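What follows is one structure encoded as structure tokens, with my remarks underneath.
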Amino acid sequence: GNSNLGNSANSTSLRTLKVGYMPNMGSASALVTGIKMGYFKQEGLNVQLVQFSAGPGEIAAMASGNIDISQIGNGAHTLAAKGKADIICLDDFSIADEILGNKDKGVNSISDLRGKKIATSLGSSSQLILDLALASKGMTEKDVTVVNMDPSSAVTAMVSGNIAACAIWSPSTFIVKQKMGNKIVMLANDTTFKDKVSFPSSFVVTPAYAQKHQTVLVKFVQGLYKAMDYRAGHIKQVADWVASEIKQDPSLLQQDAHTSKWLTSKYVFDAVKDGTLKKMYQNQEQVFLQQGLIPSSVNVDNYVLYNIMTRAYEANNKA
Amino acid sequence: MRKQGKLTDLMSHVPNWVWLLISLVMGFMVWQLLADTPKTSIVFASPKEIVLAFIKEEKLHTIWTNIGISLFRVLAGFAIGFVVAIPIAFLMGWYKIFRNLVEPWIQFIRNIPPIAYIPLIIAGVGVGERAKVTVIFIATFLVMVVSIYQGVRNVDETLIKAAKILGANNRVIFLKVVVPASIPFILVGVRLGLAAALTTLVAAEMTGASSGLGMMVWSAGQYFDMPVVLLGIIIIGIIGLIFEEIVKFLERRLTGWQETHVA
Amino acid sequence: MRKQGKLTDLMSHVPNWVWLLISLVMGFMVWQLLADTPKTSIVFASPKEIVLAFIKEEKLHTIWTNIGISLFRVLAGFAIGFVVAIPIAFLMGWYKIFRNLVEPWIQFIRNIPPIAYIPLIIAGVGVGERAKVTVIFIATFLVMVVSIYQGVRNVDETLIKAAKILGANNRVIFLKVVVPASIPFILVGVRLGLAAALTTLVAAEMTGASSGLGMMVWSAGQYFDMPVVLLGIIIIGIIGLIFEEIVKFLERRLTGWQETHVA
Amino acid sequence: MAGNPCSMKVRAKVKIDNVKKVFAGRNGETVALNGVNFNIEENEFICVVGPSGCGKSTLLNIIAGLEEPTEGKVYVDDKEVKGTGAERGVVFQQYALFPWLTVRKNIEFGLKLKNLRQDEIDRITKRYLDMVDLKEFAESYPKELSGGMKQRVAIARAYAVNPKVLLMDEPFGALDAQSRTQLQSELLKTWEEERKTCFFITHDVDEAIILAQRVVIMSARPGRVKEVVDVDITYPRTQETKMTKKFLELKRYIWGNVYQEYLAVRK
Amino acid sequence: MAGNPCSMKVRAKVKIDNVKKVFAGRNGETVALNGVNFNIEENEFICVVGPSGCGKSTLLNIIAGLEEPTEGKVYVDDKEVKGTGAERGVVFQQYALFPWLTVRKNIEFGLKLKNLRQDEIDRITKRYLDMVDLKEFAESYPKELSGGMKQRVAIARAYAVNPKVLLMDEPFGALDAQSRTQLQSELLKTWEEERKTCFFITHDVDEAIILAQRVVIMSARPGRVKEVVDVDITYPRTQETKMTKKFLELKRYIWGNVYQEYLAVRK
């Protein structure tokens, strides 16, 4: 019966949903596409975007009821594992993180990192990749000097030769490559370790909200699915839309378009059905546990709302 | 002015704006130098690039909107901070109990990086304009209350006695004696308060803004768009200079009575 | 102390530490309340969680290292800022030419968010300890120079005259008259300078730190590890309170001569 | 008008009851006053003389309610003094002008607090500006005045609010001999008309005798009342009174008395 | 010792040459001094009297080098005055003590700048603490002193550095009659011994005559020199001198003269 409602929605008043996001392709693309293409309207939803520059603010806004739904990156999934948020849909996988070395400083391979000064943003997925890369050559952070920096600061530090390598993410990675050209060697990125970790970004709500607004959330995910499917085929166009939404140079976002693995609704549905989704979130939780970010292991079924993802897919494909 | 040698005597007759000009020219020269030095050129866009960034048509309108909205946030936060700081500082100076209860918290909070309490503000007042104004309010209030409180404590006891003798109650003493006598400290508070408002702008606009100068600087920084970052910094700096001129104007009006040794 | 009613008279005999205690208890209650309210509990870890975060063995050692290194950065940056601010403020107050050349830049720079000039610092002084100390130095210097300059301008002309008559040269006038006469303003500068040092700590430790409180708060924030974030904030706040006690102690020693109406 | 004080029902306007004042400084305590007892009768003009640092200003501050006695009490109209009151006006030894107000605004300060009509305020201000000869400087700030001019503003400001009891701390100290004479006459005339209770500190024995009904001689620190001398010279008094035999006798007596105190200070 | 001034080679120590001073206030200009001309001879003691606000303090500030004349010049030892100089000491009308220094430290301030040995400093400080009777208060801060005590500290501070020319602005204004007499005698004695050039502002005609070789009478604003009266009373002078016929004559003459000025101010 969902489709009826969806089709008639443009005539009646729309239900407003406020969604928090951050101004980059990975976070904004599906939402912006859904709005541009009218997919949310079709489901009777008026999605309003609220921009945040950092995750903590987004989560606080959601918890206090100022926004309904958040699009979150890898780090914020700790909250889900702590029972403070429920995942309603997987959006994409980030492949933005890279470890870049400066050949002039004698870094040509991962082994060369020993004893070198490496900038990363502590607590980021890039740091995780760095740790994995070091581990692959039998090192830990103790064998190098890891210094904390914002990716944009790391650009300056690389270019001015203050550090030998950095583990950062886009768009700063592009800028380093662009400024330093063939001095730079890419040592590892997210895909290098994709069997060990993946960095999903997801849509989450508070558990209380999930309880109360099941049907609305299903409709939201329906719109989202359509947007994801469109995005998968029109990434260049989507990048331009995002650029105008966040008032940024479109060429930068075109580069950003290659920093995520864009998923389709079918992929998500299949992943739910065959258990890969569960496995992926379990892997993520294991990493959190190893890092001491969550006190104990919890069942991911407690915070991943498979039924919303399946119901939405079924509703879309019935019509 | 102090008595000085011949040369300095001559120089002191050069009008102020000439010095400002010299100062500006020197600044431009340093800037161009930084933009030409390989080591720093990466962060220092040249003046030309910035002008280009400014006149890029599509941005022109955005920039004015950004300036407008940020100015509103800064002024609103500052104004509330000022209006609250004055009576709080007074009560702290006047009533020991109030001071004992309030002071530790003011001292505690004023050391916390704004960036750290942003989630709390969002949880408390949401993500609308109120959140941004609140962040700026807190930052400016804390700076102003510290300096105005020192001013209140420093008021010459005899003047308060004189006012009491003439029949002034606490309200009158506060408004007609403590406030005017604390003007120099209030001016320090206002200056630093305005500076705090502007330096907190980036943090304030991290509470879910999609426009504003702080946001502009921050997101351009994410994409290493240095001309826009510097453009934003220069605009913020110029706003600061304009504020300073206003403060100076008020200062001249308010402290004409003062015996000072500076010209 | 002002004359007050019976009740307040009675209350003014309660020793200071009792008020501090009451103030603390009130603070704890508000905190526990926030931790228990669903709306805010997500950002407010309960006191218990924080204590747990603190005593987690593996962290214990790290925390002390973090405190140590951050304290060093804060104190070094502040000390340099102080030592530089005093003569600069004096020269600004004394020599018009110097003021005209320097003032616009101080006013310009003091409005720039620290986070915005971090790339510049990295380009200029690299990623070592010097970078962190420099960020804190800039922040504290700007705050202190503004308030000390106001103090220098405010020195009673007659006292300078008296010193001159007794044979003092500019150096003596500065050290023996201007500095002691500006103590209240210097205290405002020191208070706000220390606060600026602590609030800039996070920004300073973004210039490539591998330890420190600011870094700890920031990286815990990346993972919403709120107990650690709050723990960091509380430690920074407590450091601030300790600084304040030191400043108060100095204040009592330095301003015993002053006629003030506050007990 | 210049009635004999004995014909009036005399009652204590101000009662100073065993007042002691100790200041706790960094270098031990200073006993400024000890066991001070005397009354100021209604409508009486009392002058206080005594060596520098003997506690005159301290006593005045206590009567004004600006300082609390360490021991003892002060009553005004049989009510214990607790803080300041509009019925007691003060001219401070060190002027205490508001530096951010012009001469006119300084004088108006107290008047504005009495909710008078503006034309009333203007009239009173004008009158006292005239009295102290500062019409031309009405719009000047204190920093633009000479020492004597500042003191005259302080006098005008205290007079303007018309308190019932006037407490004056060496009000004519910084004045040239002529302004001083002029203001003495002014004060005498006003007092003879209004019989305002006055407590007047001076270091000029002539001034004390010409003004006062009784002169209180204070002893060196710790300040006590050494002697109270009745000045039985009838009003109206003028500057010529200073030449009378009575006056000169009193002068010699008081001077000698104070001089002993002074020698006591010198040890 | 008490030689006749005529027997010495007299030369102008301080030459005041057509000095004019205009203050630009918010409410127009005030002409404080206009066409002031006179010399202070070497070793001479000059007293200045004149109505309040006539420019006495302004003139003193100009001689001290603390203010610049709008027109005209001042020479000390034939050198034009440009700024302050260690040879000219000043006692300010409003004390100008350093509030953050104790009485002792205030007095030592100028001595320390002269690179004296500490025991020398101690000796001098003790001497002047004694002179002004403040031994007991050596470690007190100015806020803990009475008005007269503050003034005595200011006097001791100026004396201690032993300048060649002493400029004093109503230095005894806040003192009780006894301290005043004592310090007058002290000053007279020192002057008779050392013949330090003195420029002394007072509003007490008696004081002017007992101290000065010449009394400068200034006219009402704008201040001019109205008359310079020679005081031909030989030294040593004592308090008894005040009873001599010569003294009383001079007193009447100067008083009358100043009184005219005073009436001029009153219009």
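Note that the chains take the letters A, B, C, D and E in the order they are written out, and that residue 1 is the start of every chain.
Convention: a contact is a pair of C-beta atoms (placed from the backbone, for glycine too) under 8 Å apart; a residue touches a chain by one contact, two chains touch by 3 or more.
Quantities reported herein were computed from a predicted structural model and do not represent experimental measurements.
Counting steps between touching chains, the shortest path from chain A to chain D takes 2. Each of C-E and A-B has its own count of C-beta contacts, and the greater count is at A-B.
Chain C and chain E, compared by their mean Cα positions, are separated by 49 Å. Rounded to a whole number, the gap between the C-alpha centres of chain B and chain C is 17 angstrom.
Mean C-alpha position of chain A lies 38 Å from that of chain C.
Taken residue by residue, chain C touches two or more other chains at 39-40, 42-43, 119-120, 123, 158, 218, 221, 256, 258-259, whereas all remaining positions touch fewer.
Under the contact definition stated at the top, the residues of chain D that touch 2 or more other chains are 26, 83, 94, 141. Among the residues of chain A, those in touch with two or more other chains are 54, 56, 59-60, 63-64, 152, 155-156, 159-160.
By the touch criterion given at the top, residues 64, 66, 83-84, 86, 88-90, 92, 94, 96-101, 109-110, 113-114, 141-143, 157-158, 161 of chain E touch chain C in their complex. Those residues of chain E that touch chain D in the complex are listed here as 23, 25-27, 30, 49-53, 56-57, 93-94, 133, 139-141, 144-149, 152, 170, 173-180, 182, 203-205, 255, 258-259, 261-262, 265-266. Within the complex formed with chain B, the residues of chain C that make contact are 1-2, 4, 8, 11-12, 16, 19-20, 22-24, 26-27, 39-40, 42-44, 93-97, 100-105, 107-117, 119-120, 123-124, 142-143, 146-147, 150, 152-158, 160, 170, 184-185, 187-188, 191-192, 194-195, 198-203, 214, 217-218, 221, 229, 232-233, 236-241, 243-244, 258-263.
Considering their complex, residues 39-40, 42-43, 62, 118-120, 122-124, 126-128, 205-211, 215-216, 218-219, 221-225 of chain B touch chain A. By the touch criterion given at the top, residues 158-159, 161-168, 172, 176-177, 180-181, 183, 254-259 of chain C touch chain E in their complex.
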